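Quick notes on the structure that follows.
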Amino acid sequence: MLHLVNTSPFESSDLESAAKYSAKDSPILLFEDGIYAAQAGTAMEGRVKEIMGDHPIYALKADLEARGISNIIDGITEVDYTGFVELVEQHKTASW
Amino acid sequence: MIVFRTAPYGTIYAFEGLENVLIMGAYDQDISVLFIDDGIYAIKDGMNTEGTGIKNFSPTFRALEAYDIEKVYVDKESLEARGLSVDDLVIEPEIIDASQVAQMMEDQKNFFIF
Amino acid sequence: MKFGILILEGPYQHEASDSAYQFAKAAVEKGHEILRVFFYQDGVLNSTKLMEPQADDRHVQKMWSQFAADTGTEFIVCVAAAKRRGINDDVIADGFKIGGLGMLTELAIEADRVVTFRA
Amino acid sequence: MKFGILILEGPYQHEASDSAYQFAKAAVEKGHEILRVFFYQDGVLNSTKLMEPQADDRHVQKMWSQFAADTGTEFIVCVAAAKRRGINDDVIADGFKIGGLGMLTELAIEADRVVTFRA
Amino acid sequence: MLHLVNTSPFESSDLESAAKYSAKDSPILLFEDGIYAAQAGTAMEGRVKEIMGDHPIYALKADLEARGISNIIDGITEVDYTGFVELVEQHKTASW
Amino acid sequence: MIVFRTAPYGTIYAFEGLENVLIMGAYDQDISVLFIDDGIYAIKDGMNTEGTGIKNFSPTFRALEAYDIEKVYVDKESLEARGLSVDDLVIEPEIIDASQVAQMMEDQKNFFIF
């Protein structure tokens, strides 16, 4: 299961729910306002790194660029829309 | 599987999610219904929506059984965080924990969150 | 693979429809078939031909109608959700059709993957 | 007192319009004047006369149109927000008028209180 | 300033922002999904009581009843829509 | 006073809020503009929205000065929580803290949050 998170971790509990209700090793894709969780150096970074212990995290390039976020946490993988499609080929999806 | 995770009335997600469950039931799909996070508030008992002007749709959840939808679950921690027990709900879902929720998701083909 | 797409929010207020469009385009470019895009909840509002965004902005309905014309993808707008929001056959744009919620169930059965775009 | 009301969400998807309506009714019953209800962002969608909710549900547009008829309150639908969402003079219901965003500024100047109903 | 909060404290940071950016003693009105913060016995109760140290809290009766929430935290005042109007008579409003 | 507290693009609140600021400026109102919470992301520099198809509206914030809107503030803690400084923004608001935000709100008659 690929978990899709599109809301800011500063404003919404969606990322926490995705982390809580997901099997270990199932990937999380951050897109739209969800990409702020991928930004390095924020107050959320520690928590996001914890989640990375259980889940590979991806972040959508188009939404990172749109928001001017270029410094992302080490270990988070940037994907373009083609990469998004490839993740969906590999997994069913849950949209939080 | 249909997952309810939003509170009723503030947004329509839960109500239109319920419409979707009933349609899927009519298609004779082997459906599971799951309540997590604020979704458990959608089946809280004692609702009286008169003062808001919005229709109370919680009784419709009682119709799930009539539609032969019998796999109905609620997340333990979501209940506890909201100080509720199954006695506070209009239906009697089976209580499961977050790891069971995660496993159930992995086992399903169709998956909608409302 | 056979994909289905479910859109739950209207144009402009949320990014859901834009993201779904970019995803759909990339999926088709990779050779996947999109069996159906289903518009539910406020998603039905994407189908009105009356929208007139500013000249320097994207036109969400036209983007989708063009996509339907180019790919032959079926777009279904949920009738119950549409009626309560003022969307009917008089305002619906080329490429969109009003249909029952059962077509979402059918999509879930027939598609290998259904991806939901929401608030 | 002189009240203004600002509504930022459409009907049904959010409770904003319902809450604004109950508040407006209570304010008028207490003897206040509502100078204007301003519909902005997705709030413009409350004004379409095409909505047809199920028979056992409330009809949000008719509730508002009746309120305008009963109280003479002015309802302004922001033109820019309306155009991008497919709301124009052809679909707008009785009691609603399309107007510029400047009328929200004027409302903020003239009213003693402006209350916003949003997502 | 009367602070209006209409989202669930379990899902949204609106109540926290209202508490953070408000002058001491300015009232908070919970309505729509915001009323869940008024419910007694939840995991949020401790935090809500802290906020009550700085702010009187009100909860809208119509939205409490709609959601079947009858056991509310001691010290939170239930108001009907007329009471909502009275609070607005006394204060300018901020909608979070 | 107009307060921005939502991130750009995911929702339209910030963009239509900006339209409102510019109109208020045209009415020659003595406006203050404040960025708190995720609202500071609306003025983050380096945006390139090409991949989303959505228009980049952040340059319009630079027009605030042309509209004689000079009282522009940003909340210190919101910046810090997001690892940003004023150097990362397309405009240069004055930095204030949460208690100053609260005081400013109390002093204003007109008040919109987007």
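Some notes on this structure:
Think of it as A, B, C, D, E and F in the order they're written, each chain with its own count starting at 1.
By our rule, a residue touches a chain if its C-beta (ideal position, glycine included) is under 8 Å from a C-beta of that chain, and two chains touch if they have at least 3 such contacts.
These numbers come from a predicted model, not from an experiment.
Any chain touching chain D that also touches chain F appears here: C, E.
Farthest chain from chain F, judged by C-alpha centroids: B. Among the other chains, D has the CA centre that is most remote from the centre of chain A. Centre-to-centre separation between chain A and chain B, using Cα means, comes to 26 Å. Centroids of chain A and chain E (each the mean of its C-alpha atoms) stand 32 Å apart.
One inter-chain figure worth recording: chain A and chain D are separated by 38 Å, centre to centre, where each centre is the mean of the chain's CA atoms. With centres set at the average Cα position, the gap from chain D to chain E is 24 Å. Shown for chain E are the residues that touch two or more other chains, namely 6-7, 10-11, 13, 32-33, 62-63, 80-81, 92-93, 95. In chain D, the residues that touch at least two other chains are 12-13, 15, 19, 22, 41, 57, 80, 114, 116, 118-119. Annotation for chain F: residues 9-12, 37, 51-52, 54, 109, 111, 113 touch two or more other chains. In summary, the structure contains touching chain pairs A-B, A-C, A-E, A-F, B-C, B-D, B-E, C-D, C-F, D-E, D-F, E-F.
Of all residues in chain D, those touching chain C in their complex are 10-13, 41-42, 45, 48-54, 57, 61, 80, 83-88, 90-91.
Interface residues of chain F facing chain D in the complex, by the touch rule stated above, are 12-13, 16, 19-20, 23-24, 26-27, 29, 109-113.
Residue ranges of chain D in contact with chain F, taken from their complex: 6, 8, 40-41, 80-81, 100-102, 104-106, 108-109, 114, 116, 118. Contacts from chain B toward chain D in the complex involve residues 9-12, 51-55.
Those residues of chain A whose C-beta lies close enough to touch chain F in the complex are 6-8, 10-11, 32-33, 36, 39-43, 45, 61-63, 65-70, 80-81.
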